[in-house]
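Naming follows writing order (A, B, C, D, E and F), and every chain is counted from residue 1.
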Amino acid sequence: MSMTDETSIPKRPSGFWSYANPVKFLGFSERVLPALWWLSGICLGVGLIWGFFFTPDDFRQGSTVKIIYLHVPSALMAINAWFMMLVASLIWIVRRHHVSALAAKAAAPVGVVMTLIALFTGAVWGQPMWGTWWAWDPRLTSFLILFLFYLGYMALWAAIDDPDTAADLTSVLCLVGSVFAVLSRYAVNFWNQGLHQGASLSLDKEENVADVFYFPLLVCIAGFVLIFLALVLYRTGTEIRLRRTRALQAREARV
Amino acid sequence: MPDLGKYADAVLSAYGVSLLLLALLIVWTLRQGRRARRALQEVEKRSKRDA
Amino acid sequence: MLDGLSFGLAPGQALILRGPNGSGKTTLLRTLAGLQPPLSGEIIAGEDQIAYAAHSDGLKAMLTVAENLTFWADVFGQRDIETAIAAFSLEPLRDRLAGTLSAGQKRRLGLARMLVTGRPIWMLDEPTVSLDVDAVALFAGAIRAHLGAGGAALIATHIDLGLDAEVFDVAPFRAAHDARVGASDEAFL
Amino acid sequence: MLDGLSFGLAPGQALILRGPNGSGKTTLLRTLAGLQPPLSGEIIAGEDQIAYAAHSDGLKAMLTVAENLTFWADVFGQRDIETAIAAFSLEPLRDRLAGTLSAGQKRRLGLARMLVTGRPIWMLDEPTVSLDVDAVALFAGAIRAHLGAGGAALIATHIDLGLDAEVFDVAPFRAAHDARVGASDEAFL
Amino acid sequence: MKALLRRDLLLAMRAGGGFGLGLAFFLIVTVLVPFGVGPQSELLSRIAPGILWIGALLACLLSLDRLLALDWEDGTLDLLATSPLPLEAALSIKALAHWITTGLPLVLAAPVFGVLLSLPDAGYVWLVISLALGTPALSVIGTFGAALTVGVKRGGLLMSLLVLPLYVPTLIFGAEVARRGAEGMQTTTPLLMLAGITAGVIAIMPFASAAALRVNLR
Amino acid sequence: MKALLRRDLLLAMRAGGGFGLGLAFFLIVTVLVPFGVGPQSELLSRIAPGILWIGALLACLLSLDRLLALDWEDGTLDLLATSPLPLEAALSIKALAHWITTGLPLVLAAPVFGVLLSLPDAGYVWLVISLALGTPALSVIGTFGAALTVGVKRGGLLMSLLVLPLYVPTLIFGAEVARRGAEGMQTTTPLLMLAGITAGVIAIMPFASAAALRVNLR
């Protein structure tokens, strides 16, 4: 990666904020990415294989309970991804670190795919469990709106030429959309109607699902978290390179 | 292969589609990354030569 | 865009900005008017002292001359549009829709807008575009009157207005790095 | 707009159109290209001999230089874009998106488009806008080559291209009535 | 403040179509529905409140395009931003003007279109009340969408994509009021929710809109 | 011919949202309906075919805006009009490109959205068939609308008003096919009508569009 041998990099603060420097960030991600890829692969592999092959059927749900290993982690990450984008956007708005804005941009497509997985697995699970693919229950509804927000967020990034303007505007949108991220997580607490499961993963042992399902589920969640991190880190690197290419080309265009 | 009973369709399609989506995302991400890397190298080469 | 530039503007004084195309005059004026944040440096004199006239006039084709002026006067909390109309001899055009004016007449209306803001500092971006000789004289008169009343003016223009104003050439202050490379690109170079 | 005007153009010949702003050069070229019907008079030489380059280039910002040229070559049933790229030294820009070009580079691409049409009569409306001196020389060379190959060119321009072409001033042919009054208003005057 | 409102209304009247176009679109959507779902009046009357709400919402949406774009193109927004009027206030006024030119005619015309969809008699009052209470929220949210996309060339479809999710809560409770009203049920809960959304949105959104517009003016 | 098609598709892909936006709008309209008319699946399944058709139609409509306007603004249309390609052919190709980027994704995605509206099982096949047969007509008619209004500033809403009435026959028979299919009834008659409309429109409309565009280019 030839960007590291650039010499004219101005001095930046050290500590956490130093990763706001694109070069430093790239170096960092280059170092941790291989480990992240491997770890996430292992966790996903172990968790899904354990869950799919080596857990018993539920006495009520039958084999459909195996869908939990995909549905819950992906739904979790779909919402968490938006919160991560929110934090990154706030950092951009307050401290104007470009890497932060690009990280938010990079996370969106990962978040959409997580949302899609959660929607699909939920629908497939709902057919046998609730007798319908889809119900207009509060959590499902706000989750669907969150999906629309993801689409709008990405479309807004794509539509604006100037990257700083795009970062600012998408940040505002992200802020507004967070309402629905919160709703899709906590709507079940506000309105106690609806078909969808309440919290089954709370730390309170009494409310939890049985251990046989619980441990592989935790491994799967770890796998999804890790793959999300790996993808976002990698994609942020890509965005940085694209921006640098653009900047160099703009400098060329003058000549 | 565990016996999935009458829900085999549901469980298998959930796993199939989810893994497919995840795989597509990863492949797309890696390809985009590689392309961006190549484009940057090219421009950097050019700008070094010009400088 | 522009680097290490500094100047002051006293009441009663006019300053003419010069510089080739794309040298950053418009950008400077927009920054001073508070539309863009400066990359660095500071602006003394509140934004609410400044009236800004851009390349485009913000006139509505479907409103008459008087209606356009009244609107801007109201927005700036003024009432009197008659002096403005008189200063740019818009009297005969008063009830014409702005859309039916010629380019030069439109520009006169756009400049008359400055008078109804009642603000002391005028910032004008190429005010004389598409004005003919008579209109330029009208304009210079209006500027002189404004300066005489203790106002100030900052004018970006390529032509000679016949004002005894200081001329300030922005060209030497062009930042070393290329203007095309926006501030946002810099972090990646 | 223009009245009583007539001229011919032989193979290998270039004709330069002159005239002040708004005198009808663009209108004349568009009429000749078949985009507007002439009010009266006739055009000899089929429309399908003429390639027209307007003020705007019809380039797509999201296509690369090569893709833009290939598209127009295909539309005109040609294949070869290499000569055009070489003639305007676009080789280094080949795979850049047209949107990232500077104004002058865009213009060069727009002119290269004429070469890929493979048509004998070129009609160019202010082709040298935003070109620097080198690029103007490139352009003059391309015109000379085209004329040498038996083509013809009709060029509306304000600057001197250094071509030994006949100059044709449209100003004297301005119709007596005011140009602003469109043809359709006339019936009511 | 008043000057801006007066000007926007004057322009809507003079420019031809300010008032009419949204209404015409509403009419068309309402007319299309029977073609689409078939003309059985029993079915139509059940879906009428919802469809009328969706129609009003789409009509609102499509007229957002002109809310800021024209002022942006001719430089008025630049000048307004440097005027003593805070941008938040200016945008609120523009939202109000948009409501008067689009939302209000929809509210007034909705009963007429209700006839086309055989809305039950009990529904008319509640339809009008819910629209009167809900459409201001649509205008204010729409102003936010317009401010976000004002710099984007041909951003109409993009704006729809951004605005529609935000419209959903208003739609849910607005249509719920109208539907319950039409079926003769209790409407208090959704009515309170609707009023809450509208009030909250009017209080908060202008700041988001102004922030977005400032970025775009830069 | 092929060059123009290839370019339009390439642009739709590169410009971000060529394919996606129409689809997203379709999704949103489909999602709005249950919010509006309430979530009872028995009611939804009855109106599903009609609503899906209306949604597809609106999505088509809103993407028409970009069909010619961008090419108009940057002068491409001028140059195309002086090229050897007849304008009629060029407009047909552009309509085809519009269909591929908007209509075709709608056809493919419609079954998924059917799920959201609990479309009866028998309806899926007929929905897809009717959309596949009908959406080309929407694109071709839309091209005419776009050609008529290409010179009008912010003509989006105006175009909607001009185009929607022209869409009605397609909508009637298209939705009829889907509805009858969903209810397990005979679909031959409306299917033939729909095919007839599409064929007729494809044969005639390009001439009208080219005529309108020539006037606008003058």
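By definition in this document, a residue touches a chain if its C-beta (ideal position, glycine included) is under 8 Å from a C-beta of that chain, and two chains touch if they have at least 3 such contacts.
Every value quoted in this text rests on a predicted model; they were computed, and no experiment measured them.
The minimum number of touch steps linking chain C to chain F comes to 2. Counting C-beta pairs in contact across A-B and across A-F shows that the higher total falls to A-B. Centroids of chain A and chain E (each the mean of its C-alpha atoms) stand 33 Å apart. If each chain is reduced to the centroid of its CA atoms, chain B and chain E end up 41 Å from each other.
Each chain gets one centre point, the mean of its Cα atoms, and the points for chain E and chain F are 25 Å apart. Remark: chain D and chain F have CA centroids separated by 37 Å (rounded to whole angstrom). Multi-chain contact residues of chain D (touching two or more other chains): 102. Along chain A, residues 141, 148, 151-152, 155, 159, 244, 246, 248-251, 253-254 each make contact with two or more other chains. If touching chains are joined by edges, the resulting network of the protein chains shown has some other shape, matching none of path, cycle, star or complete graph. Under the touch rule stated earlier, the contacting chain pairs are A-B, A-C, A-D, A-E, A-F, C-E, D-F, E-F. Taken in their complex, chain C has these residues touching chain E: 33-37, 47-48, 50-52, 54-60, 62-63, 67, 70-72, 74-77, 113, 117.
By the touch criterion given at the top, residues 144, 148-149, 151-152, 155, 158, 161-162, 164-166, 168, 208, 211-212, 215-216, 218 of chain E touch chain A in their complex.
Put simply, chain A touches chain D in their complex at residues 246, 249-250, 253-254.
Against chain F, the residues of chain E that register as touching in their complex are 17, 21-22, 24-25, 28-29, 32-33, 35-38, 43, 46-47, 49-51, 53-54, 57-58, 62-63, 65-66, 69-70, 153-154, 156-158, 160-161, 164-165, 167-168, 171-172, 175-176, 179. Taken in their complex, chain D has these residues touching chain A: 96, 100-102, 105.
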